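Pasting the structures in now, so scroll down.
Here chain A shows up in two complexes: once beside chain B, once beside chain C.
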Partner chain A sequence: MNWETVIGLETHVQLRTKSKMFCGCSTAFGAPPNTQVCPVCLGLPGALPAANGAAIGLAVRGALALGCTVHPKSIFARKNYFYPDLPKGYQISQFDQPLATSGTLSFVSPERSVVTATIVRLHLEEDAGKSIHDRFAKGTGIDLNRSGVPLIEIVGGPDLRSPAEARAYLQTLKQLLEYIGISDCDMEKGSLRVDANVSVRRAGETAFNTRTEVKNINSFAYVEKALTVERDRQIALIESGGTVTQQTMLYDAKENAVRPQRSKEESHDYRYFPEPDLPPLVLTAEFVAEQQSALPELPAAKRDRFVAAYALSREHATVVTSNRAVADYYESVVRAGAEPQAAANWVMTEALADANDHQEQLRVAPGALAQVIALVKGGTLSHQAAKKVFGEVAAKGGEPRNIAEALGLIQVADTNVVAGWVTDVLGAHAPEVGRYRNGETKLMAFFVGQVMRASKGKADPKLAQRVLEEKLAASA
Partner chain B sequence: MSDAKAVADRLVKAKRLNALLTPPKDLRKSLNAQAAAARPTGVLYGMPVAVKDNICTLEFTTTCGSRILEGYRSPYEATAVAKLKAAGALIAGKTNCDEFAMGSSTEHSAYGRVLHPLDKARVPGGSSGGSAALVAAGAVPAALGSETGGSVRQPASFCGVVGIKPTYGRVSRYGLVAFGSSLDQIGVFGRSVHDAARVLSVISGRDPRDSTCEDRDSLRLPTVPESLQGFVIGLPREYFPPELDPAVRRACDRAIRLMKELGAAVREVSLPHTPYAVPTYYVIAPAEASSNLARYDGVRYGPRFNGAVDLRGLYRSTRGQGFGPEVRRRILVGTYVLSAGYYDAYYKRAQQMRALIAQDFRNAFDRGVDLLFTPTVPSPAFKAGEKLGDPIAMYMSDIFTVTANLAGLPAMSLPIGRIKGLPIGGQLIGQAFLEDEMIEAAYALERVVPETDEA
Partner chain C sequence: MSVSREEVLRIAQLAELDVQEQALADLVAQMSRIIDYVAQLSAVPANGSVKPVVPGPDAIRFRTDEVTPSQLAFGPEEFAPDFKEGFFVVPKLGQFE
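== the complex of A and B ==
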């Protein structure tokens, strides 16, 4: 039986603001517990919220980048539930009149090429605090530093058809939000959190079946795993004659398993109502336009431009634009005179590998990389030698040419010198010369290797081959 | 200026009323310190102002008349309190009130009922009964109260003092412990219109900490007018029903005649949705209260009670034992009306009705009426215990006052006579942010009305 998975993601993203959503407390990560708090985010009697304009601006940017309709008027609402790390007993969120609705996110699916998923809505809300269950032997600690931190919730439509596709969607969303600078999107620090609605149906069916909500997916690495586990559970359940019930499933990364949330932990009725402490959020056209103009070129547009302007393949352009810093770096290398495809090859391999090992730092200046590329192109450096020079510049800095000279890596492109090495090699390998002349032309690689060895790697291999071909042909 | 000791002595003398929750020792100590620190240039320099116990102060505990906040000391003070202090006023202790301002008699305090200064068998009204009683007893010239549905004007009427509830958004609510956030306003009691008005002027004005507080300068006090020439006073017929206590009607008639003699034009108007005001109020206020009071869970502050074995147990014991019966009743009602499946039938309809009630007032004002005059309460102060067993009867004593809260309008009560020795209040309702006109009319009426004469 063929099964199709239907997935929709609800993503919570922490906005990159200095202060919280409704008070002036710092949002910095990692401070000692309960040191970034005030009467407002502690929910003390009599305290009132005042909305953070910077957070609203970032949320609007996010909505615009996702092609959403940003509503000139939206309403804050209270979501009521009891939990010890929710100091007011309600979370200020938005409900029936959210900040923005109906956007899209296009991404490359591993199965269906480019997919355009719908963004149902995007709204502003505040975060709750954190319950710490493992710090005290007899009791739970509560840290309210995170209480009131600004979030946007991005609700995607049920448009994803596999766990891998969900991962690709999330990756693209993360990339977009990082690009426009509104969030760090660091799942490990909790600045990006994702819940998934999952259902399965037989191939060809068009109606949606009962879905479950998968929560507690705490790391990017678990997204695909958690969804696969839940999908497989549902399929097995239905195939054995059971039915899926609508419930919340908690993912356990250690066991790579899901378990239903105890019904006690579930909040059934949030009793939403308009937040009387905050007037409607009214956005002027000027404010929205300002946020629009603050947006950089988005990844998809940049990728298309790279394909058109630099004649890169779509795949290469996708890699090079996957991160805003890398894309900017690539363009600088090209601007410094490097040939675009060669620049892409170097950025995708050496530069990214080096960055990967060094806290995402692109350590070789764009001009230096352009010079390395030029040295290879001019025949001064072999590709292998150029990699060595790149590594040296990355580690110690300096001019690529000087470093190549200092390391003795400059290729010898003097025909007379190379011809001397060729003569020596042919003289020392008479049997192979004979076999070559009898048609075993694949021995050319052997001869080139011998010349490189004789020259201690300094011979220009292309020149060596040309001289070899001439000599082997001439005295036939 | 009255010195700190004299201020404290007067308050301690009124101790029998149970109107003040601050222990005399704490009061004396704080008043000494405050008097030494007060700014001599402030417009209220040396004026003692008692503060209702649901308004946060640094000097004293803030318990809201509830067991659940017993001993709670706020680490910050309300904007209104900070403004009073900046003006040189002395915070003269915290006054007893109905628990979380829910009540109309100040019998619903966890710290005992407040006695009416003129008849200890009667209630002072509520929920700001402690503030009203202290002003009426002459212990302080002014006090802060709070209103959600008449909690300043009704006790002002019962106790024979002036009580003003400003326009919603005129005074910052920051530091006023929330009950019904869309209705709550800090209000003022005074021995005279002037005492109440000058305190209101000081506490009014913009506050970035309260997003519902209007971005306006503080209220400018009007001068005492020579006459009411040019004023058009509307008399809403729904506020003078046939069953109105005849003595209340007589007192109102006398006040109306006096205003006419001062040159005011008087005209009957209709506010047709008035009969729905109390039911509307008793949906919206409890709904907001059910959410506002969710934070009292015993986790972060306030006492914990026995019986907490797990999280649910903690919630249950804290909220079950910490809240009194009236608060629990309103939380239940509020939770119910916000629940899925009931929201549209109750909360949403109540909001629609609220809009109609506000429209009634706009219609009256659009037809050239400047102010409305009505009785504040249908009857004088009732006896303690008389309405405790009948919440609906208790709620009906707010029938003429809740409308101004629902419409967000400024309103005030001032004494206009007595029935068998008990004060009767007359109510003026003004247009939004036109407190100055309302106060001007009150100045004029106050000068001529025989406020302690039998009606």
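== the complex of A and C ==
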């Protein structure tokens, strides 16, 4: 039996503000528990919310980047439920009149090429506190520093058809939100969280079947794992004659299993009603236009431009535009005079590898990388030697040429000197010389490698090959 | 009566209230009076020319994004029923059923 999976993601994204959504408490991550709290975010009687204008602006930018219709008037509503990490007993959210609706997000699916998923709605709300389940033997610890941090909830349509596709969607969404700078989207810190609605249906069916909601997914890898486990559970259940019931499942990463969540309350009725302490959120056309003009070039547009302007392949352009800092860095290297493809090659390999080992810092200044590339192009440095120079510049700074000279890496283009190394190498590898002369010409790479080794990377490899060819032909 | 005895029981159930049998008649009368009053309000013209009275401003005022915490009169440890190592402590919450 062929099964099709239907997935829709609800993504919660903490907005990058200094203060909380409805009070002046700090949003800084990592402070000692319950030190960033006040009467408003603790829900103490009589405290009144005051909306953070910057959070509203960032939410509007997110909506515009997703192509949503931003509504001139939206309403905050109380979503009522009881849980210890929600001291007010309700969350200020938006319900029937959200900030924005009807957007799209295009991404590359591992199975279906480019997919355009719908964004049903995007609304503003406040975060709840954090429950710490494993700190105390007989109780649960509650930290309310997170209570009231501004969030947007992005509700995606049921357009995703596999766990891998859900992961690709989420990575593209994260990339977009990071580009526009509205969130750091760090799943480990909880600034990007995702819940997934999952159902399965037989191939060819068009109606949606009963879905479950999977929560507690804390990393991109877990998105795929959790949804795979839940999909397989539903298929096995149906194939054994059972039926899927609508419920919330929690993903247990340690066991790679999903389990029904203990219900937070008896009823799923959140008894939404308009927040009486907040008048409607009214956005002027000028405010929305201001947010639009604050948006940078979006990743897809940048990728297309890199393909057109720098003649990069789509794959290379995708890597180089993977995040805004890398894309800006690449363009700075090109602007400093590097040939675009060579710059892409260096950024994709050495620069990103070095950044990966050093907290994502691009440690070599764009101008210095352009110089390294120029030294290779001009025949002053071999590629291998240039990598060493890059490493030194990354670690200690300095001018690439000076470092190359100090390390004795300037390429030797003197034919007599290179011929000396070639003679030594051929003398030391008589059996290989014999095989070469018997037609095993692929050994040329071996000889060039040996000359490079003998010269400690200083020989010009092209010159070395020419001298090798001459000497091997002459003595044959 | 606009509200039936069964409807009151249903509302009580949704609100998770334990309503005693002897209180039912009064509640039916009181809730019916509320519904009847709201029905009277429906008679008020509600076209665009009549603007509802809303206390306070008619749109949210934007607060500047600055860290300006309002100090608590006394720390959480003083009003929390149970407070350890900086955390409010509540009875153990299971994550799974």
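What we mean here is this: the second predicted complex is superposed on the first by the 417 of 476 C-alpha atoms of A that agree within 3 Å, B and C clash if a C-alpha of one lies under 4 Å from a C-alpha of the other, contacts with A are read in each partner's own complex, and residues count from 1 in each chain.
Keep this in mind: contacts are C-beta pairs under 8 Å (C-beta built on N, C-alpha and C of every residue); 3 or more make two chains touch, one makes a residue touch a chain.
All figures in this text were calculated on a predicted structure; none of them were measured in a lab.
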{"item": "Partner chain in contact with A:54 - chain B first, chain C second, else both or neither", "value": "second"}
{"item": "Contacts of A:431 with chain B and chain C, given as first, second, both or neither", "value": "neither"}
{"item": "Touched partner set for A:39, first chain B, second chain C, both or neither", "value": "both"}
{"item": "Chain B versus chain C as contact partner of A:439, first or second or both or neither", "value": "neither"}
{"item": "Contacts of A:278 with chain B and chain C, given as first, second, both or neither", "value": "both"}
{"item": "More chain A residues in contact [chain B versus chain C]", "value": "C"}
{"item": "Partner chain(s) touched by A:269 [first = chain B, second = chain C, both, neither]", "value": "both"}
{"item": "First (chain B), second (chain C), both or neither touched by A:139", "value": "second"}
{"item": "Chain B versus chain C as contact partner of A:17, first or second or both or neither", "value": "second"}
{"item": "First (chain B), second (chain C), both or neither touched by A:241", "value": "neither"}
{"item": "Where chain A meets both chain C and chain B, residue numbers", "value": "39, 42, 50-51, 84, 142, 269, 278-279"}
{"item": "Touching residues on chain B, where the partner in the complex is chain A", "value": "54-56, 62, 64, 69, 72, 74-76, 78, 173-178, 180-182, 208-212, 287-288, 290-291, 293-295, 297, 299-301, 311-312, 315, 335, 338-340, 343, 347"}
{"item": "Parts of chain A lying in touch with chain B, wherever the complex brings them together", "value": "39, 42-51, 78, 80, 82, 84, 87-90, 142, 264, 269, 271-273, 276-279"}
{"item": "Residue ranges of chain A touching chain C (in the complex, touch as defined)", "value": "17-19, 23-26, 32-40, 42, 50-56, 76, 84, 131-133, 135-136, 138-144, 216, 250, 252, 259-263, 266-267, 269, 278-282"}
{"item": "Residues of chain C that touch chain A when the two form their complex", "value": "14, 16, 54, 56-72, 76, 82, 84-97"}
